[in-house]
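Lettered A, B and C in written order, each chain numbered from 1.
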Amino acid sequence: MRENLSPGSKLLLVVIFFILYAPIFYLIFYSFNSGGNMINFESFTLDWYRELFHDTRLLIIVLNTLVIALLSALISTIIGVIGALVIRDFRSRQAKNTILSLNNVLIVSPDVIIGASFLILFTMAGIKLGFYSVLLSHIAFSIPIVVLMVLPKLQEMSPTLIDAARDLGASRFDVVTKVILPYITPGIFAGFFMALTYSLDDFAVTFFVTGNGFSTLSVEIYSLARQGISLNINALSALLFVFTLVLVIVYYFITQRNKPSGMGVKR
Amino acid sequence: MQNKFTRNVFFIPYALWIALFVIAPLLLILYYSFFDIEGNFSLINYRKFFTPVYLKMTLSSFWYAFLITLISLLVAYPTAYLLTKTKHKQLWLLLIIVPSWINLLLKAYAFIGIFGTYGVANSFLEVIGIGTQQILFTDFSFIFVSVYIFIPFMILPIFNALDELNPALVYAAKDLGASGWVTFHRVIFPLTIDGVKSGCQVVFIPALSLFMLTRLIAGNRVITLGTAIEQHFLVTQDWGMGSTIAVFLVIIMFLIMLVTGKRKRGV
Amino acid sequence: MTDKTIIRFEHVTKQYDQDSPVLDNVSFEIERGKFYTLLGPSGCGKTTILRLIAGFTEASKGDIFFNGDKINNVPANKRQVNTVFQDYALFPHLNVFENVAFGLRIKKMKNAEVKAKVQEALSFVNLAGYENREIREMSGGQRQRVAIARAIVNEPEVILLDEPLSALDLKLRTEMQYELRELQRRLGITFIFVTHDQEEALAMSDEIFVLNQGKIQQSGTPIDIYDEPINRFVADFIGESNIVDGKMIADYEVEFGGKRFDCVDQGFNPNEPVEIVIRPEDLEITSVERGKLRVRVDSQLFRGVHYEISSYDEDGNEWLVHSTKKATVGEEIGLYFDPEAIHVMRLGETEEEFDKRLESYHDGVSYAK
């Protein structure tokens, strides 16, 4: 096929990338506007950032969001990894497929349905809406993602590696800790990372199960945005963008570092 | 024996998760759909769903989701195709995906500023002589922003399908005398149809259930199934009716997954 | 059983679900310090035997003994055998040193001792100095050696090798055949080697077990098996053979291709239908008049060391000839062979009956039923 893209093709790609990134940079650009709106750029200021850092309520919400994200990612990674290990051991194909279909229900379900059904669940179970209901929900919708990130790694692992470890005297516990877990570490990292971003990004599910006293960043931005423009949000989005970029770069390097894992006969 | 036992112990958390957060919520939604707003058992919700008001809403929700999916596909396919032709294609792909990791709410918020009466879009229209228009709170803005949000999810599976396509097949088609267009619609497109299908699946189902955008961008002009569910659960507190709509949404979701389900063919 | 025996299979059957058995009522003994080869086509059950010895799978029926103790229920990690896998199964997250040290670390051996042993094992396979390499930095042949070092460092009594050379290219494979044989001699422990490559089996083994469809067809030294194949399968599988139908007229006289020939076989019923094997290298090209068989040359291939000539006799039997002399396609030639070159196979004979009959030759006693 062609080695170089035609000018028209290049233009199309440029337009796509422009449209994808313009709104984000637009937000960031106006976060430095002393004018107080997203229309006329008056002069450069860091006031909005300063205001942001003095807004204790918002800072607490940011902290809540981070705590929820880290905790839910951690717990869902643990449960998901164990789940994947057990699924791998399933002998019967049918049982395996059934479990996998159930696993994927929450991934394909629209957020609204997850949110609404969890709301019913927590209400019936008598769990007060707030930190715990949000945490439980985030753990719940992150588990299948972790399983999906870990399972392919487990499946690509040659079964002879386990035979080899057993052959060399490893107990079943040794096999898991000394061979399987080190092998699937990249998958575990990827799963943890995805769980983290899903949790940080989630709006709809949280919106349903958050109740009155507790809020996460997404929910907060939603209520602020419904009231109209406030450049605090711009400043916040700039910070979040930088944070996301850092995460992306970290993730990129983790996956790059783990990529050339030569194994078995692969030459 | 002991191994089986420990294995079962390890399976408990994951099994509990499936029971409590996958199966129970679906059953609860079904259960609640049989109760009217007073909490009496009845089929009134289902009767209501088949009245013109709800059927019209369902149809329009489908129509918008269809438009969003179609436009996303029309933009995403060429983009994905061109991306596979670039050098460092994985890096470019990553750059396409990064915006999808920026909080959804922030992107919606950016468009409130851009499409606002005095926003960039209108300044641009002013400059080219069309004059200020009402952009925000129209069908156009809703579809545009939705497509903007879903584009990376559509590009990713199509890119992967194109990337896996064996280039020798394209050469073979050309060698056998096929023109560029014939090669595309007889060879490339059929072989990447699975990517297109999963792209449509990950766009269409969420597009049916969007509710946050309908409020922020479409100003309640568009009511999707998702908006209706949110309305019933969180505003009118009619959980029964909300659950009924959710039941239909789940059914539709399963039907779509059946249609777009992957059927692996040869090779 | 003698104390030379280290592994013994007694009527072992391995069957998955309702499928036909992968291993069908197999019994054999393995002696200490010898190089054994399990040879057969894929799916013949050779790898299953290895997995049964290693403990990766359990026998459906029958017993397996190790040093006289029944080991059917001993888990793999408690058995004194180590395996070299076909794909090497080196741990990609560990370097060369840690791969070799894996078994020692499991045994909680002291660091200094681990170091000494690993270095010894690595120098045994000519990999001294490669301790800190990552597995992905090693070539196929080097990985092979790491896998061997990882097995021998544990000082097992038996080493199992599952087609370990199949991933190597031809030249390296031949080199490794010598090295493995040499290694086995130096270590003096039992090697059980699985392969589907008959040349490899002939070159390396003290004893070969030829397997097909879950049964041991024949066992013996490479020379025995090559010279005296028990049936069509073995004759065909080990080397190239001309196999034709014939009739045993009387002792030392056999008929095939419409003619009678002298031979060295005996102990058959008069006029018993048999199969005749003559190896292509035992056939000599000569003039039509001098030849015992008259054939027409059909095609000819130059194989480097010799010409491979395909020809047909008047009955339509194909005769493959390996000759340093060239023939002309389409021409009639004569084929000459010695009486010793004819090997007569009784149809459907078991290995025991076969052995008995062979022994009777040496006793010089006629053994007609």
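Simple rule for what comes next: a residue touches a chain if its C-beta (ideal position, glycine included) is under 8 Å from a C-beta of that chain, and two chains touch if they have at least 3 such contacts.
Just so we're on the same page, UniProt names per chain: A, B = ABC transporter permease; C = Spermidine/putrescine import ATP-binding protein PotA.
Keep in mind that what you see is a predicted model, and the values were worked out from it rather than measured.
Enquirer: What chain sits nearest the middle when you go by CA atom centres?
Expert: A
Enquirer: Let me check something: if the centre of a chain is the mean of its CA atoms, which chain is farthest from chain B (ABC transporter permease)?
Expert: The chain farthest from chain B (ABC transporter permease), judged by C-alpha centres, is C.
Enquirer: Quick check: how many Å separate the C-alpha centres of chain A (ABC transporter permease) and chain B (ABC transporter permease)?
Expert: 18
Enquirer: Calculate how many whole Å lie between the centre of chain A (ABC transporter permease) and the centre of chain C, each centre taken as the average of the chain's C-alpha atoms.
Expert: Whole-Å distance between the two chain centres: 55.
Enquirer: CA centre of chain B (ABC transporter permease) versus CA centre of chain C: separation in Å?
Expert: 60
Enquirer: Residues of chain B (ABC transporter permease) that contact two or more other chains, please.
Expert: none
Enquirer: Touching chain B (ABC transporter permease) in the complex: which residues of chain A (ABC transporter permease)?
Expert: By the definition above, chain A (ABC transporter permease) touches chain B (ABC transporter permease) via 1-2, 5, 9, 12-13, 16-17, 19-21, 23-24, 26-27, 30, 37-39, 79-80, 82-83, 85-86, 89, 99, 102-103, 105-106, 108-121, 124, 140, 143, 172, 197, 200-201, 203-204, 207-208, 217-218, 221-222, 225-226, 228-229, 233, 236-237, 240-241, 244-245, 247-248, 252.
Enquirer: Can you name the residues of chain B (ABC transporter permease) that touch chain A (ABC transporter permease) in the complex?
Expert: The touching residues are 3, 7, 10-11, 13-14, 17-18, 20-26, 28-29, 32, 75, 78-79, 82-83, 85-86, 94-96, 98-99, 101-114, 116, 118-120, 148, 151-152, 167, 170, 201, 205-206, 208-209, 211-212, 215-216, 225-226, 229-230, 233-234, 239, 242-243, 246, 249-250, 253, 257.
Enquirer: For the complex, give me every residue of chain C touching chain A (ABC transporter permease).
Expert: Touching chain A (ABC transporter permease) from chain C are residues 54-56, 75-78, 81-83, 85-94, 102-103, 106-107, 134-137, 139-140, 150, 154, 167.
Enquirer: Inside the complex, what are the residues of chain A (ABC transporter permease) that reach chain C?
Expert: Contacts found on chain A (ABC transporter permease): 158, 160-161, 163-171, 174, 178-179, 182-183, 185, 260-265, 267.
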